[in-house]
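Single-structure report; data block below.
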Amino acid sequence: MLNIALIGVGRIGKMHARNIVDHPQCNLTYVYDIKEDFSSEVAKFSNAKIAKSPEEAINDNVVDAVFIASATNTHVDYIILAAKAGKAVFCEKPIDLDIEKVNYCYKQIKVLNVPIQIGFNRRFDYSHRKLKLSKDNGEIGNLEMIVITSRDPAPPNIDYLKISGGFFRDCTIHDFDLSRFFLGNDPIVAISAYGSQLVSDEIKSINDHDTAMFILRSQKGVLCHINNSRRAVYGYDQRVEIFGSKGMLISTNQTPSSVEKYNASGTNIKEPIYNFFIERYDQAYKNQLNDFVNTVIDKQQPSVTFEDGRKALIIANAAYKAFETGTSTKVIL
Amino acid sequence: MLNIALIGVGRIGKMHARNIVDHPQCNLTYVYDIKEDFSSEVAKFSNAKIAKSPEEAINDNVVDAVFIASATNTHVDYIILAAKAGKAVFCEKPIDLDIEKVNYCYKQIKVLNVPIQIGFNRRFDYSHRKLKLSKDNGEIGNLEMIVITSRDPAPPNIDYLKISGGFFRDCTIHDFDLSRFFLGNDPIVAISAYGSQLVSDEIKSINDHDTAMFILRSQKGVLCHINNSRRAVYGYDQRVEIFGSKGMLISTNQTPSSVEKYNASGTNIKEPIYNFFIERYDQAYKNQLNDFVNTVIDKQQPSVTFEDGRKALIIANAAYKAFETGTSTKVIL
Amino acid sequence: MLNIALIGVGRIGKMHARNIVDHPQCNLTYVYDIKEDFSSEVAKFSNAKIAKSPEEAINDNVVDAVFIASATNTHVDYIILAAKAGKAVFCEKPIDLDIEKVNYCYKQIKVLNVPIQIGFNRRFDYSHRKLKLSKDNGEIGNLEMIVITSRDPAPPNIDYLKISGGFFRDCTIHDFDLSRFFLGNDPIVAISAYGSQLVSDEIKSINDHDTAMFILRSQKGVLCHINNSRRAVYGYDQRVEIFGSKGMLISTNQTPSSVEKYNASGTNIKEPIYNFFIERYDQAYKNQLNDFVNTVIDKQQPSVTFEDGRKALIIANAAYKAFETGTSTKVIL
Amino acid sequence: MLNIALIGVGRIGKMHARNIVDHPQCNLTYVYDIKEDFSSEVAKFSNAKIAKSPEEAINDNVVDAVFIASATNTHVDYIILAAKAGKAVFCEKPIDLDIEKVNYCYKQIKVLNVPIQIGFNRRFDYSHRKLKLSKDNGEIGNLEMIVITSRDPAPPNIDYLKISGGFFRDCTIHDFDLSRFFLGNDPIVAISAYGSQLVSDEIKSINDHDTAMFILRSQKGVLCHINNSRRAVYGYDQRVEIFGSKGMLISTNQTPSSVEKYNASGTNIKEPIYNFFIERYDQAYKNQLNDFVNTVIDKQQPSVTFEDGRKALIIANAAYKAFETGTSTKVIL
């Protein structure tokens, strides 16, 4: 059994709480949030104690692992706190919006040598993962192109947008990581980035983007395209296509049911796809937790490392530089 | 070149006229219809002479083949006339609604030994045909089940309905023939039939059916299901499924475009399927003509014979008996 | 909380055990099986006591509900036992293979008035259920046809086959119930049945069927087709199509992933569909349990009643009579 | 009737010849090719005279229109010749590989004011066109993103590659034009380009690309992605996706049949898609001819103009500059 302290129980933290409670090898020992009513809500459906401070939860000897799902700018502090306490760490993406802080964090924790996993949940999606395994098994021959479509159903509120770190660091970071996942040991070396303001005046008012396209190039010459939007009226559009010398694999969108409708206005009509990440990646989040639990218990390396989190941020930063300078920008990982 | 006399140029005859005109090995030499304006319309887009009588067209020495697309109750007379004149014959389905007349016709023409092909166009559909070829190549192993869905977009007018011979002889006859096509040399031996009056009061008023289901059994025990309706609001529903020991093949519906629509109300939305037989089986009608032309020119046996037409009618008659008696009725082919 | 005694923990019983353990409002209090090692296996992943006899489990005052997943011929005894003990009952389908025993059971329990639900799990499948709800909301207008395709991936072993009650009572009974589910208060009045022996010599040797087709007719004239096979090499084929005056809805097959493969031999290639009922109806079994738990706790009527179980068996018996006599047989529900 | 002189009857010219012969309002009057056996082959299935020189064909008074399908570097000469003779012109893409020659051509012909249409056939594809019409009707709201996938089944031979003008000018030029088609009057203003050599050593040896990705930006901020390959083992991959504020439309790939295969290795298996442009765009080429014929006869403006051909080349040139400089390059149309 793994005793877990969970820090931060907003929308995503609450989902983690439920998964931890349901996992046969986990106890949710502590829950902490700066909003006490958030903690109380989780305490209702679990046996977790409500911690008065993150320290209380993290430093208790009974705790084996710390789950960090708090605001992004608190991640680094809690990672260091947990690592110093010798606890295994799971931290939501991104590690931080500031690469200097990420590098500082890395320096602090590397000697402590605790397992630390970053929350790139999409790597654990059954269909995306099947693409990766099939590619690794040679099913598409040599990888030549990757096309990732990733569009949110609707923009978040303006308060979140202001602290999000910008569209590329908040959203595309998932797709940068996914590109690295499929490329394996072939590093990304260059990137071009385009951003537009087409969806929302609010987003424009804070000078962020809501529509974006990217091309990444790997060392071996594999080309990767990513496109993002803050609003897709038909749901949370999540597609990955990998193309190679022997064929193509597509991980396409999913609908809650397998119902098809035929009427005077159309045929083959399916429901809107899953609305957002909680629904679409429900199983992926559970697989991710399970993977974390197993690697910690088996004392193996986490499958998504601190370095993966750091590299995704470096790519996002290079994307901003590419956008600002209008050049194909070198990525130094 | 094959010189063709075309008898009957209503909706389907006019389509045959266009196909004959476009075919590189055919001349449309004569056209005849009891409505002279129908003939005139065809003469406008072809070099065909308007015949004053069917005899004028059929008996002219220059004519090689006779295409019969007139009212069903005239088919037998024209077949006999053409056969006596030594002409190759193409005749629309059904040969006649009365099996006695069909048998009489057969007696009259068999010694004359002219090629005669019956218009079961669906056998020439590229997708249905691919199922047949794949089955013959062993792709699904032993055939065990056939499921045919065949639904018209909307009922014909009451005048046509009155002389149609009834739903089973007018519509299902195509599906009876298609079942025989897939079964090959394994004859149908029994049938059950259900008819309902759910679509139209007009159809009910003349005591015909508009909704029907059938099960046929072959000598080897293959089971075949057919379902029909006079009205499918989403278009002309034409599906065939064949199932066997090694897998299943489905010839599914077709839409004019390959466009898919995604919006707030649904995803994967395709257009309504092809509206009716002229559109859906456009290529099949051309393939059918081509097959007729080639077998006549090459002096080979027609691929769909008089006997095929006769057997489909025998099955339709057995279906009526099955419906009336509420029994699984023997089919003696 | 509902304290449950589970009788019978073979393949399906073990699945129920896991669902009960995972359900937040259930305790698995007792487990009983004639094979003690089966019980032990369940005890390992739950807190259930291993009962020495069904009576011990059923009669303990702490038990609120009895789950019956034992061999079919024991169902009636346990139902009566549980009902006499005043416990709510969930019983796997079929109630029994002998309608006399079912009727006897009914007489014994009706005055006891305990809630009893029969395990027609397919009614709880999200997609099938969506069809039912959409139909009830008028989305397809008047219901006119139902087409149910239900094919197992592979035949069970001969020992099971011998006591299965025959293909129609063992397999098709699910589809008979599903027809009734979609028809609502329009009763089935007639049935025709065809069975074949095409799949397995073993099945032939015990004179059972492995391939079957049915047509059912409702009082209002709705026609329903069912086709079954004991072997579909591409997986557990589970499709439902409902057709009406305003359109059609299809609940089509499901694959574990949303991956599509494109290579030199084909395009749009999906994985084989879910292999069998445990995988395909995983969510349906959980929904079924949840529905049972809620109706018992809320003291409401079960959604699938003893009478539903009895009627499905009456239809299966009528199907056998239809097959043996070669007639369209009246169904008296 | 339009009397047409056809210059150049290689693979694509021969296809044009057949379409012209079949068109009810066209005569194929002359055919010319530097290889006389090519002309002879066309003469066999048409009434066309074999011209001894392009001038003989172009200058004959009986000729109304000139179809140019000869080698790219001859296009400009024939356009000028035809324009001086006062003939309507249809010219295959690209006009020329050298923008200076194109500009020179334009200067020569503008005062002559003959109708001239450039062969961007994809604009006439029924499905792509449906996207354009639906977008213009507001079905997806404001256009925000375009994603074009365009991959050939296999590279051409090395002789062709050497004179092709490079991957971006030979292949992507179609997609540049298609982007402009969907953008309507919102001009492309910037482009980034990535090329790789992954498919063929032969292509590498002449320093051309076989794999490429592009991002284009319109004045209004619409983002457009194009990806290309010289080799897709599953056929000629032709997809267009347009995304906007109210939804998304996809013109997806097409297979010759509507057959789906289910077996132990996969489900929903379709045939490989159409192999190459002659098959995939068969109907588009006919629609294109028909459009040309109608606009010439009706004395209207061609739907795809010389200027469209010139602009596509300007974008291709900008793409090369973007690739070589590694910058997002301004497009001045």
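When the chains are written out, they are named A, B, C and D in that same order, and each has its own residue count from 1.
Quick note on the criterion: contacts are C-beta pairs under 8 Å (C-beta built on N, C-alpha and C of every residue); 3 or more make two chains touch, one makes a residue touch a chain.
Everything numeric in this text was worked out from a predicted model, so none of it was measured.
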Legend entry - Chains touching both chain A and chain C: B, D
Inset, instruction - Tell me, please, which chain's centre (mean of its C-alpha atoms) is farthest from the centre of chain D? - result: C
Inset, instruction - Count the C-beta pairs in contact for A-D and for A-B, then report the pair with the higher count. - result: A-D
Inset, instruction - Let me have the rounded angstrom distance from the C-alpha centre of chain A over to the C-alpha centre of chain D, please. - result: 41
Legend entry - Geometric centre distance via CA averages, chain B-chain A, whole Å: 58
Inset, instruction - Spell out, as numbers or ranges, the residues of chain A touching 2 or more other chains. - result: 233-234, 246-248, 253, 261-264
Inset, instruction - State the interface residues of chain A toward chain D in the complex, per the touch definition above. - result: 142, 144-145, 147, 149, 151, 190, 192, 194, 196-199, 211-215, 217, 221-225, 227, 229, 231-234, 237, 243, 245-248, 326-328
Inset, instruction - Please name which positions on chain D make contact with chain B in the complex. - result: 22, 126-127, 130-131, 134, 139-140, 246-254, 256-264
Legend entry - chain B residues within the chain A interface of the complex: 233-235, 253, 255, 261-273
